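In the two assemblies presented below, chain A is common to both, partnered first by chain B and then by chain C.
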Partner chain A sequence: MKKLTIDSFRGKSVDEIKKTIKKNISAADPKINAYLEAFDIDKFEQGKGLLANIPFAVKDNILIKGMISSCASRMLADYKAPYSAFVIEKLLSEGAMITGRTNMDEFAMGSSTENSAFMTTKNPLNEEYVPGGSSGGSAAAVASGMCAFALGSDTGGSVRQPAAFCGIYGYKPTYGVFSRRGLVAYCSSFDQIGVLANSIEDIAMVSSVMNDKDPYDLTSYLDRELKELGKIKYTDSVFKSGIIGVVNTFEGIPVSPEIEASYKKLVGELRKMNLEVVNISPPFLEYAIPLYYVLSAAEAASNLARFDGVKYAFNKRSASYQKLLMKTRGEGFGREVKRRIMLGTFVTSSGYKDEFYKKANRLRTNMKKSYDALFSNIDYMLLPTTPTPPFKLGEKIDDPVAMYYSDAFTTFANIIGIPALSIPYDTDPKGLPIGMQVLSNVKRDVDLLTFCANLVRKLK
Partner chain B sequence: MDIKVNKELLQKIMNLSKLEVSPAECSSFLEDFRNILLEMEKINNISGGMSSAFTVYQQVSNQYATSKKLDYSAEDILGMFPLSDSGVPMTPPILEGSDEKADD
Partner chain C sequence: MSKELFPVIGLEVHLQLKTEKKMFCNCKNSFENKPNINICPVCTGQPGAMPLMNRQALRFAGEMANALNCKINMFMRFDRKNYFYPDCPKNYQITQHDFPLGYDGEFFFFSEKRQYRIKIQRVQMEEDSAKLNHIGDDLSAGSFIDYNRSGVPLLEIVTGPDFEDAEAACAYLEFLKRTAKYLEISDCSMEKGSLRVDTNISLTGQKGSLPGYKVEIKNLNSFIAVKNAIEYEMERQRGIINSGNSSSLCDETRLWDAANKKTLGMRKKETESDYRYFPEPDIPPLFIQDKNISELKESTKLTPFFAMNQLINTFKIEIGDAYVITAEKQFYEFFTETSKYTSQYKKIVNWLTGDVLFNLRKKGIDLSGSKLTPKELGGIIERIESGALTGKIVKELMPELIEGASVDKLVEKKGIKPISSGGELDSLIRGILKKHPEEVKAYRNGKTGLIGFFMGEVMKGTKGQAEPRRAKEALLKILENKEE
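And then the complex of A and B:
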């Protein structure tokens, strides 16, 4: 299976690129189920710009004008987007070619892509295993050569975790680097669009195209350094000036022996590189999962209240408004979405709000302050991306809490809005990929990408 | 916090959430909901002021371990502080205002 990069398409004609993509999709997708819909790319005309004719896939919660955006939900099965997401407009303006919309966990709620209402995506490296989630379709498409890069969304690790499970790179930027206009909202204060690719150089190039201040998303901002990044600079000076924090223990989070051994191996390699490596204890890490699920469920319950069967989307006709509402939502949403709506309703309901929602919000503020203090002394932090290697299809689907803990090391980056990059580092004894995650403080995206690219080159 | 997760509570939440769920689905939701709430309740382990003794430790030890002047690991520093009878690290005096007294 050949992994494609942007550079691998340079100098090729648009027809050659189309031929390669169509061939790869027809060979791999019937087995993998990465695409909910592969587009007819023959309609694409010669592109112009930085990403001319570069094929990319889009997670099905990011709007593409005139195309269905289902969020892998029965609720939006026939919903056609009336406009394109800001990031899609940016990529199209540089000549990139959309290959299709990829499968995901319904409304981005899940860690295995098994929660899709339409099909289950399989890990391209071993079809008995999950590709991770919720951007599992995007990760599988990149890992199996069906596109050069893909867009995903990362609310609690949904770009980084599938990237780690499929052996590719996954980047979650600082909150606000990419506009969220046209991304279907799940948890607005955590949601970020992310990039999955086979190289950090590709992530840097795509990010420089997509970053801009969007007047329709007031949380977005222009990162001038990122905008002008273009090519990564390779220099040893990034190691001389950077301090990286590592952990000796995983703060009570159960980690598989394979992951622990890989992590220690990488820490050992870092120490040999003349990097300043210090031991840290990431504050509140053990509370990140409960905190994340309280806050994200509360926001999800609110964001998904719009699906009432009246305005648009799935509608279950009934005799009264109340019945229409209950039946539409009862039949339109899948199991995990219902769980989270119920949890969100509960933690914000009278009598429990103080114990859960308010407390979680205070904890979030405190967590942010603690990490600001920590990052005043270090530049980067290294953690495993996931506590275990990829797990088997069906293994955790009936145990929501076990599934939630797949994101034990990723959610805190969304809680405090910092950038993070998952790097394919190792494989377990079964040959399944193991990813490691480097994090930095807010608005240090360029430093993070540059550091990681240099690190990866050094590790090779 | 002692929350009784039973069918009544679940039905109330489903009504508030505007979700109609079949009886079969309802019983498995009950089990899931119990397990999830048990996990979510962990945030109540942190005191109202949001600085549990342990997290204060983490912050203090991070500050020391990452200071260029000192060569301590976070774990070394954590090990220097006493634990309470229940195994919870006790708040370092420096954070209770006694550092000023020490200076005197």
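And then the complex of A and C:
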């Protein structure tokens, strides 16, 4: 299994690239199940631009005009996108080639890709294990040479956690770097499109193409530095000015010994490299999971209300609107989606709204302030991406709360909107990958990518 | 004996703003043509679609809030109102719940009789729903959904519960409509649904205190319906209270049945849905700048309230006439323009509200379609005043005058001109008096009431071309001098 980078395709003809991709997909995907649909790339004509002919996979909640966008849900099994997501337009305008749409947890709700209505994706490094989620298909496709890079979405860790589980890089930018137009909304105030790839250079390249102010997404913005970022600069000066915050203990969060050992090893290496490392205690981190599930469910219940069988996609024709709603939504949504819709409806209902939704929102505001203060003293923060190494298929699917804790170190970045990058750092005794996560303050994406690329080169 | 009861009435008005585009997308704001032609992913609630912000709608809303003397929220936010209904494509409506554009306003308005003042609780922006077109009367046959209207900007204006009767409520509606039309932000047609009214009404035994229940009346399709519904509902509630059943009055929504002129129970409010409002995450809050507010406050856009005051105070026009003149902005503007050419303000009012309006209506056009200029009308009024023209002549020429003909040319062409030169008039009058010796004798014997008869004969004899004041002077002179 060969990991592919953008550079590995440079200088190759479009036909050679197609041949490689088709060969890799037919070799690996029957076992891995990364793609819900691999496109007929023979139809692709010679691309022009910065990403000419570069093959990439797309998580199935990002719209590609004329193609099905199912969100791995029965509800949208036949839904053909009437328009393309902004980021898809950007990549296509630079000549990139879409290889297919990848499997995911239904509506991006899950951490193992087992919540797909259609199939289960396996971890390419060990098929008994989950690839992580919700962007598990995208991570597995990148990790098994079925594309050069892939798009995912990260609402609470859904890019970084599968990247860590599949031994690749996963980047969730500052909220707003990538337009969300054409990303099927789960939790609008947390959702960000992210990039999964085999190198930080590739992530930087793709991000500079995708970033822009989209007039159709009021929360998007142009990051000039990122837009103009060509090649990442390799220089030791990034280490001289960067202060890294690390933790001594993972208070309130159960972390497996393998992860803890790897983390300590990395902190040791940083100290050995004479980087400025300071101990911090990330504020409210232990509240991130409950807060995340209150707020994300609240928005999800509202965002998913539009799937009613009236306008498009799945519907169960019924004699009344009430029956149409109940049957369509009852049969169209899977268990986890329904669980979160119920939860989200509950926490915003009168009588409970103050106790749950409003309280969580106040905490979110406090968290933003606290991390902003923390980042005035440090430049980067280092945490494990996940509290455990990859787990087995079926291991946590019947224990939602255990599954939710897969995101114990990732959700807070979405809650406060900061950028984060998961780096493949180590392997556990079984040879499964362990990822480490570097985070910085909002709008410091280029600093974060540059620092991490330099760090990775130093660590090698 | 039944105790005295005081009505507590509040109104909620929805105005469709006539912006070029819809509230949250770039679709054309037009929904009277073929169904489902002005639609896009945003206004049909496609997955992944996100709202834009219509700056024009924001400005229109700001202008209205300003005319209602509202405070403007410096921090303005949109919220989601969550409910399932087939005309609501996202199954939530983007509206303003916690931080509306305008709040705590005070609207000053007039009826034809008096001035009023009402508290405005809030002015909020939101999006309209799609339109359900039911197949036949039987709902089970199904419905078609037309999304052209989905996402059209709406302004909701909520008053305090301060109206004391149906008359005041209707005067408010009429003046609110005038205000929106002067600002050119809405068509305000109840018929087409661009102005919709919900009424809240209850009765209290103690003036100034709110009773423990509130009845909302929906389905009000005209101002008459509002008036009738309020009056009906007041009587209905009064009957219930007077019969000792006041405890059966509760928060409820009732429908106005215009055909049978009564309100019908629709639903009790305790079973009403919980809208689970929360901030719209796709629209960042807007921080309104001081300069935006001062721009609004300094806006020189004409309002009917200003126009009424101007007519009453500066031009000394009576309130009833002022109310007629200000019904439409172009009438008021025509008046003020005409006032530059004549100071006979009352005459301008009479001509405008009389013959000009009459002839325009007869032709089915409005003032903007008239070619009569304020300068021409001003000149005509001045010449009538000086005796160079008579009202009768101008009345007859009015159909041609509104077509743009000049009064001088008409008079010349038709050979009509007022008989005002002394000699001509005197000989005419003498001729007429000769035909009525009996009446002349009677007049000279003290039956002076006959002057009216003589005037009539003179006007008849001159085919209305005699300038009345001069004709009367001449007539009196001849009759008093006892000349034959």
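Basically, the second predicted complex is superposed on the first by the 460 of 460 C-alpha atoms of A that agree within 3 Å, B and C clash if a C-alpha of one lies under 4 Å from a C-alpha of the other, contacts with A are read in each partner's own complex, and residues count from 1 in each chain.
Just so we're on the same page, a residue touches a chain if its C-beta (ideal position, glycine included) is under 8 Å from a C-beta of that chain, and two chains touch if they have at least 3 such contacts.
Since this is a predicted model, take the numbers as computed values, not measurements.
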Between chain B (first) and chain C (second), which, if any, makes contact with A:I289: first, second, both or neither?
-> first
In the superposed arrangement, does A:A298 touch chain B (first), chain C (second), both or neither?
-> second
Between chain B (first) and chain C (second), which does A:M104 come into contact with in this model arrangement: first, second, both, or neither?
-> neither
Kindly classify A:S349 by the partners it touches after superposition: chain B alone (first), chain C alone (second), both, or neither?
-> both
So, A:M326: does it touch chain B (first), chain C (second), both, or neither?
-> first
Of chain B and chain C, which one touches more residues of chain A?
-> B
Could you tell me if A:G245 is touching chain B, chain C, both of them or neither one (first, second, both, neither)?
-> first
Determine, under the contact definition given at the top, whether A:P82 touches first (chain B), second (chain C), both, or neither.
-> second
In the overlay, answer first, second, both or neither for which of chain B and chain C A:R339 touches.
-> first
Is A:G182 in contact with chain B, with chain C, with both, or with neither (first, second, both, neither)?
-> second
Overlap of the chain B and chain C footprints on chain A, listed as residue numbers | 301, 305, 308, 325, 345, 349
Can you check the complex and tell me which residues of chain B touch chain A?
-> 1, 3, 10, 13-14, 16-21, 25, 29, 32-33, 35-37, 39-46, 50-51, 55, 57-59, 61-63, 65-67, 73-75, 78
In the complex with chain B, residue positions of chain A that touch it = 243, 245, 248-249, 278-284, 286-287, 289-291, 293-294, 301, 305, 308, 325-327, 329-331, 333, 335, 338-339, 341-343, 345-347, 349, 352, 355-356, 359-360, 362-363, 365-366, 370, 373-374, 377-378, 400-401, 404
Using the touch definition up top, name the residues of chain A that touch chain C in the complex.
-> 62-63, 69, 71, 76, 79, 81-83, 85, 180-185, 187-189, 215-219, 298-299, 301-302, 305-306, 308, 310-312, 319, 321, 325, 345, 348-350, 353, 357
Note which residues of chain C are touching chain A in the complex, please.
-> 41, 44-53, 80, 82, 84-86, 89-92, 140, 145, 274, 276, 278, 281-284
